[in-house]
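Listed below are the structures to be examined.
In what comes next, chain A is part of two complexes: it sits with chain B in the first one and with chain C in the second one.
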Partner chain A sequence: MSKLQKAAIKRRDIREAVEQSLRARKRRSWRFRLVGLVAVLTGLLLLAIMFTSIASKGYSAFERTEVLLDIDLEEAVIDPEKTRSEEVLMRADYTGLIKTSLRKLFPQVKKRKQKRALYRLVSTGAGDQLRDRVLQDPSIIGSRVSVWLIADDDLDQYYKHGDSQSRLKDYQLQWVAQLNADQRLRTAFNSTFFTAGDSREPELAGIRGALTGSFFVILITLGLSLPLGVSAAIYLEEFAPRNRWTDLIEVNINNLAAVPSIVFGLLGLAVFINFMGLPRSAPLVGGLVLTLMTLPTIIIASRAALKSVPPSIREAALGMGASKTQMVFQHVLPLAMPGMLTGTIIGMAQALGETAPLLMIGMVAFIADVPTGPLDSATVLPVQIYLWADSPERAFMERTSAAILVLLAFLVLMNLLAIWLRRKFERRW
Partner chain B sequence: MNLFVYFIVFVLLSIGAYWYGRRYSLSLVSRDRRRLHSLPQYYGYYVALWSVVPAFLMLLLWLFLDQDLIVHLVSAGLPESIKSLSPDELGLYLNDVVNLAKGNITSSEGDAIMQQAAAHYRHLLQISHMALGIAVTGSVVAGAAFSLHRIRPDFRSRPRVERMVKWLLVLSSSIAILTTVGIVLSVLFEAIRFFKIIPLTDFLFGLQWSPQMAIREDQVGASGAFGVVPLFAGTLLIALIAMLVAVPVGLMSAIYLVEFSGSRMRAWAKPLLEILAGIPTVVYGFFAALVVAPVLRSAGESVGLQVSSESALAAGLVMGIMIIPFVSSLSDDVINAVPQAMRDGSYALGATRAETIYRVIVPAALPGIVGGVLLAVSRAIGETMIVVMAAGLTANLTVNPLDSVTTITVQIVTLLVGDQEFDSPKTLAAFALGLVLFIATLLLNVLALHVVRKYREEYE
Partner chain C sequence: MTEATIPDASERDEQTVGKPQLEKKVSMSCRNVDVFYGEKQAIFDVSLDIGKHEVLAMIGPSGCGKSTFLRCLNRMNDTIDICRVLGSLRLDDEDIYDPKMDVELLRARVGMVFQKPNPFPKSIYENVAYGARIHGLTRDKTELDEIVENSLARAGLWEEVKDRLDDVGTGLSGGQQQRLCIARAIAINPEVILMDEPCSALDPIATATVEELIDELRQRYTIVIVTHSMQQAARVSQRTAYFHMGKLIEVDKTDRIFTNPGHELTEAYITGRFG
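Up next is the complex of A and B:
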């Protein structure tokens, strides 16, 4: 074989080897790409699983089961002396009336234990419901009314989900079947969930107290962190000379942004509660702690917004004879404001969902009343979720999921607002 | 509500002062503003600042001091028999006096001495309120008079106002420093008190953690054990599991979104992934405790494994989900920052896309990626709600992810929520743990920022 032929064979071998390896390499590249796609889809899938599992658990809490009872509002029981004064009507034994009505509906129930089980089908809050009805219109006293009363949480869970793990006894289930056959059960919108404070009874528990607490906390956080954050950002971006002190401040802000939130809770406990003697569990303290926590976020966002204002604006203002302060406050700040507000809204969303530091300052107490001011004991929505998640009742699990849905709805709204602000006011210079 | 009233009063006062100062300056020059040195509103600002800021500072100072001062005065007026009580008991007694004076529920029956002390307290409080009212009003009037007195047509009010504004700006930017100082001091002081009771070496190297102080002296472990090693182990175990989920998924999705996917997929997949970062941690905690943990438990049972219902695995997995967007957006940034020329060079040499990525781009972006992962680790260590809700309370020294472990943050929460006596080692231990947590995350952050910054300088 000549030299040329040998070389040709060798070239062919090389080409074959290269083509073969190229096929393998391309396959590997394709596989790599697939792995990446799988990673993205995994992330999205996990998100979807989380949302659906919470939404599917929670949506049913927006409905409650009600029992239709015919109640004789006997004057002898409610208002024997016919005074019709509010005080007497407030204190009458409405629960007794409900019990009488239940006994009439199920005359076969005789044993004491069973009777008690029968009464337990209706919520302990049903008496208040009846009282409110009578107070609204005292003329119905003495007549027979048909009222939809709140059912107990066990009945509620059974009626809505019909599951086998129900805590209802067999004989109770028979009564429920009878009620159902008489069309005395229905589901209606659960207004209690939005109008009541916390309660030990799941069917009477609501998020109004937690929402009000969150409102006060966010109000204080916003009122303090927006002015403080914006002025800090203005100073650092526009006025500060480059020296050790400003370097220190900058390093500090960057580090504070990454300090675990629970450490801010420790700070709040030691400084605001033990040192300054502010009341425990108060939204004021919660607001102060969350202010310190969100300040770095707001400062960093505000500085970015200031940086994006082009220098030509500054030079033009200075050239027209404005002082530096006038230039900043009258020209740069208005242009940077949308960006600052976007950052602030994101910081507020973070504060709204924060739980851990608020546990430290005692906002975890069981509080049934709706707070009326920033110094009242209160809890906030995420802490309420934490508290309910600990409760063993299945009905509370449903309410926890529902409270999460409400919280997420608020967060989505805030983020949409931030996106809208950015879209609307974004300027390319 | 008092605070709110003060706030409104201050706002109204400053508006009034502004308006009056502006009018006064104009009246000096018979409404010919050209004869004024500065624009008339600066005279208004000047008067407003002088009348409100000193009064406001005085109010703040009073708010912080008056309680302590009054209680001190009350305790000085108590009879000797009570003053000779131990400091703790005296503190409790004074607490009762204050509660009695405010009409709250007290822990003990109020006897005559206490009633008297409460009356004394109420009396002092009244005096203090009156004094405050007089002092604040006086300071407003004095500030206004002083500033009005100084206003002349040639008075340079603009530079002065601007200097004051600048000082206010400096003050608000110093809050960041104050916060850090506050954190360090508050945590450090309590931690030092703790280390006086429990030696530092016992704390750092002890293998037992059972902070419950026994009620009877002869009970087992009567003094409690404060060895932090099991907590470290638990924290690191959960953080490790979280990283095993978050780093591959986060990094690979960042690579896919930057290098492979079209801009349209990127436009919707990236924000969707970032939703994960915006979900409150309490939601993750609920998901971990009530969805993931039962699933893991039944899955373990079906293959014959004993899975604790508070397993480290459940908490770690869910924490990993939480950290995915963190890792992916940080890696996204650094991968994007790798210069296009490096990619082009690699393609020109015949490398496939995948080869370019793991031979050229990832090595070039590695410092940034490592920095991002370090930041993610510090997040995982400091994360509280997921572990509080899904991890256990007992400190097991184990590496089995199916067992229940506890973490530093869980212990801080359990030690501080509920009953609190501020001198027991139990509460103080929480602050010592806080100090450890603060130092650990600070070191990780400093390290991560250093790595990231060093990398950035290379390409810009």
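Up next is the complex of A and C:
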């Protein structure tokens, strides 16, 4: 066998060996890709299940049942002295008028207990609804008007979801059937859910108070944690000397990021409320507590963003005779901005969804009024969800899911904002 | 070929061969410079003069300390915490490492061009105007325009970019970026320009352009260039310094170094026996 032949055989052997190992390598990479795909699909599936479950339970809260009643706006009841002053119109007994109307509609109901059951078909808030109508246009006093009034939550649930688990009695169901036959029931957009604060009556409860509270809390958190976090990150990353103290600070910041959030709540309770005497349940204190909580997140993200700015840019600026401050603010900061903003918005999203520390500082109280400032008592969206999830009424269940939908919508919006900002400020180098 | 081993010179305690010191027209003079990174000594007792309007090339194998020495000349080593510089370095008879010396002023007088082109991610105009802006050379817009145009013209870039001064500097080709960096450096009229392997990331054509440019710039500036290419050193420089393991082995006129080196290590390096 010549040398050339031997070499040819050797080459063929190598080729076979490589082909064999290549097959194995390809199989391995294919398997790995499959595992990755399965993982992603599982995640998407779980997310889809969660979303459909919440959405299917929650969408019905955006609609409410209304009852059509013909009401005699008797002048003798509303404004016997014909003053038409706002004060008199405010105080008039509109609930009585509604009850009279209901009695006329169902003359067969005689017993007191049954009458009360009849009145309960209409929400206790219907009187206010009627009053607003009259205040808007006092000239309708004395006439007979047809008004769609908010139904009670039991009727609402029965009308929307059928009779399973309904709390309505049999005789109430007969009246409902009669109302339905007369086409006196309809579903309409539930504006109360977005315009009202919390209430004991599910049909009158809304998320406006919680949304406003969340807005104030986030505003304070952002206003404090962004400048503090970014300045701390810049100082630690660019200016601080590397010694035992800065190492200690760094370790502590990293540890703080992992501290359970409720601990920050306890700290807030001890320092801001007990020691400094700030009001309880106030968005101001909530914002301060959440600032403490989000600071480590923002500092860590901002430092990572600063670190990722290439050293060549720093050298270029320094080589031109820029001072360190000029280098940081004119070159490093603009390039680190997208990363910092992303970190901040992620921190804000975390703060928006936070419940535990706010429980500790009393933001878990039942507050019906919409807060007008950061010192008013308030609650926030996730705490509102927690409160409603605890309520026994079935109607609160769908409101819980609806509030979760609103919270998720805001979180998605914030993340989109983060992506948009990053795209906008991202520069190539 | 067997792997080249770098001869050990650290034990020898001998004087630099050639003419490290000049009698007249001295721009920078360095005496007995030692540089330490922590405990490790990187530069051993280097004494060297840099003449006005000359191009001084620094050559030597990787890790010989030539870049470290270059970065001492405008105190860029200050950014490294553990770096210590001993000895005397003077620019026009002012001590560079005097605590009263402003680093910002020093770096305005001793500009630098880096190995990898590093324009700011800003417009071409802003890149060149940057130095004038931060040093407050002018507040007048037309004057600034003039500075930008002149600097770009002297860097041989004006014709190529005059219609797109607002484009991002990082969008230019590698060679154009490096010339932009040179334009940025000369916009504040430094006395000395330090170049740290300015052509190592460029293709041969761009390299030739930059080399021509360096030759023209010699009329106005003193240039110290670190290079790995001996051909480049031969083409652009008047004097060449050979560094070896932190020591300055030989300095002399470039043609002398390349035709008749005075030290065996220099000869071994330029004939390609190691490095």
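Quick note on the criterion: the second predicted complex is superposed on the first by the 376 of 429 C-alpha atoms of A that agree within 3 Å, B and C clash if a C-alpha of one lies under 4 Å from a C-alpha of the other, contacts with A are read in each partner's own complex, and residues count from 1 in each chain.
Simple rule for what comes next: contacts are C-beta pairs under 8 Å (C-beta built on N, C-alpha and C of every residue); 3 or more make two chains touch, one makes a residue touch a chain.
All of these numbers come straight from a predicted model, not from anything done at the bench.
In the superposed pair of complexes, A:E354 makes contact with chain B only, with no contact to chain C.
A simple residue count on chain A separates chain B from chain C, and the partner touching more is B. In the superposed pair of complexes, A:Y386 makes contact with chain B only, with no contact to chain C. Contacts of A:R242 after superposition on the shared chain: chain C is touched, whereas chain B is not. Of the two partner chains, chain C is the only one touched by A:G319; chain B is not. When both complexes are overlaid on chain A, the residue A:H331 reaches chain C alone and has no touch with chain B.
Contacts of chain A with chain B, set against its contacts with chain C after fitting on chain A, overlap at residues 323. On the side of chain C, the complex with chain A involves touching residues 74, 76, 79, 81, 103-108, 111-112, 114, 116, 118-121, 130-131, 134-135, 168, 170, 181, 184-185, 188. Considering their complex, residues 25-26, 28-29, 31-33, 35-40, 42-44, 46-47, 50, 53-54, 227-229, 231-232, 234-236, 239-240, 248-249, 252-256, 258-264, 266-267, 269-271, 274-277, 284, 292, 295-296, 299, 323-325, 349, 352-356, 359-360, 362, 364, 373-375, 382-383, 385-386, 389, 397, 400-401, 404, 407-408, 411, 415 of chain A touch chain B. Residues 1, 3-4, 64, 67-68, 158-159, 162, 165-166, 168-170, 172-177, 179-180, 182-183, 186-187, 189-190, 248-253, 255-257, 259-261, 269, 272-273, 275-276, 278-283, 285-287, 289-291, 321, 324-325, 328, 352-355, 357-358, 375, 378-379, 381-385, 388-389, 409, 412-413, 416-417, 422, 430-431, 434, 437-438, 441-442, 445-446, 449 of chain B are the ones touching chain A in the complex. Interface residues of chain A, counted against chain C in their complex, comprise 242, 310, 312-323, 326, 330-331, 335, 427-429.
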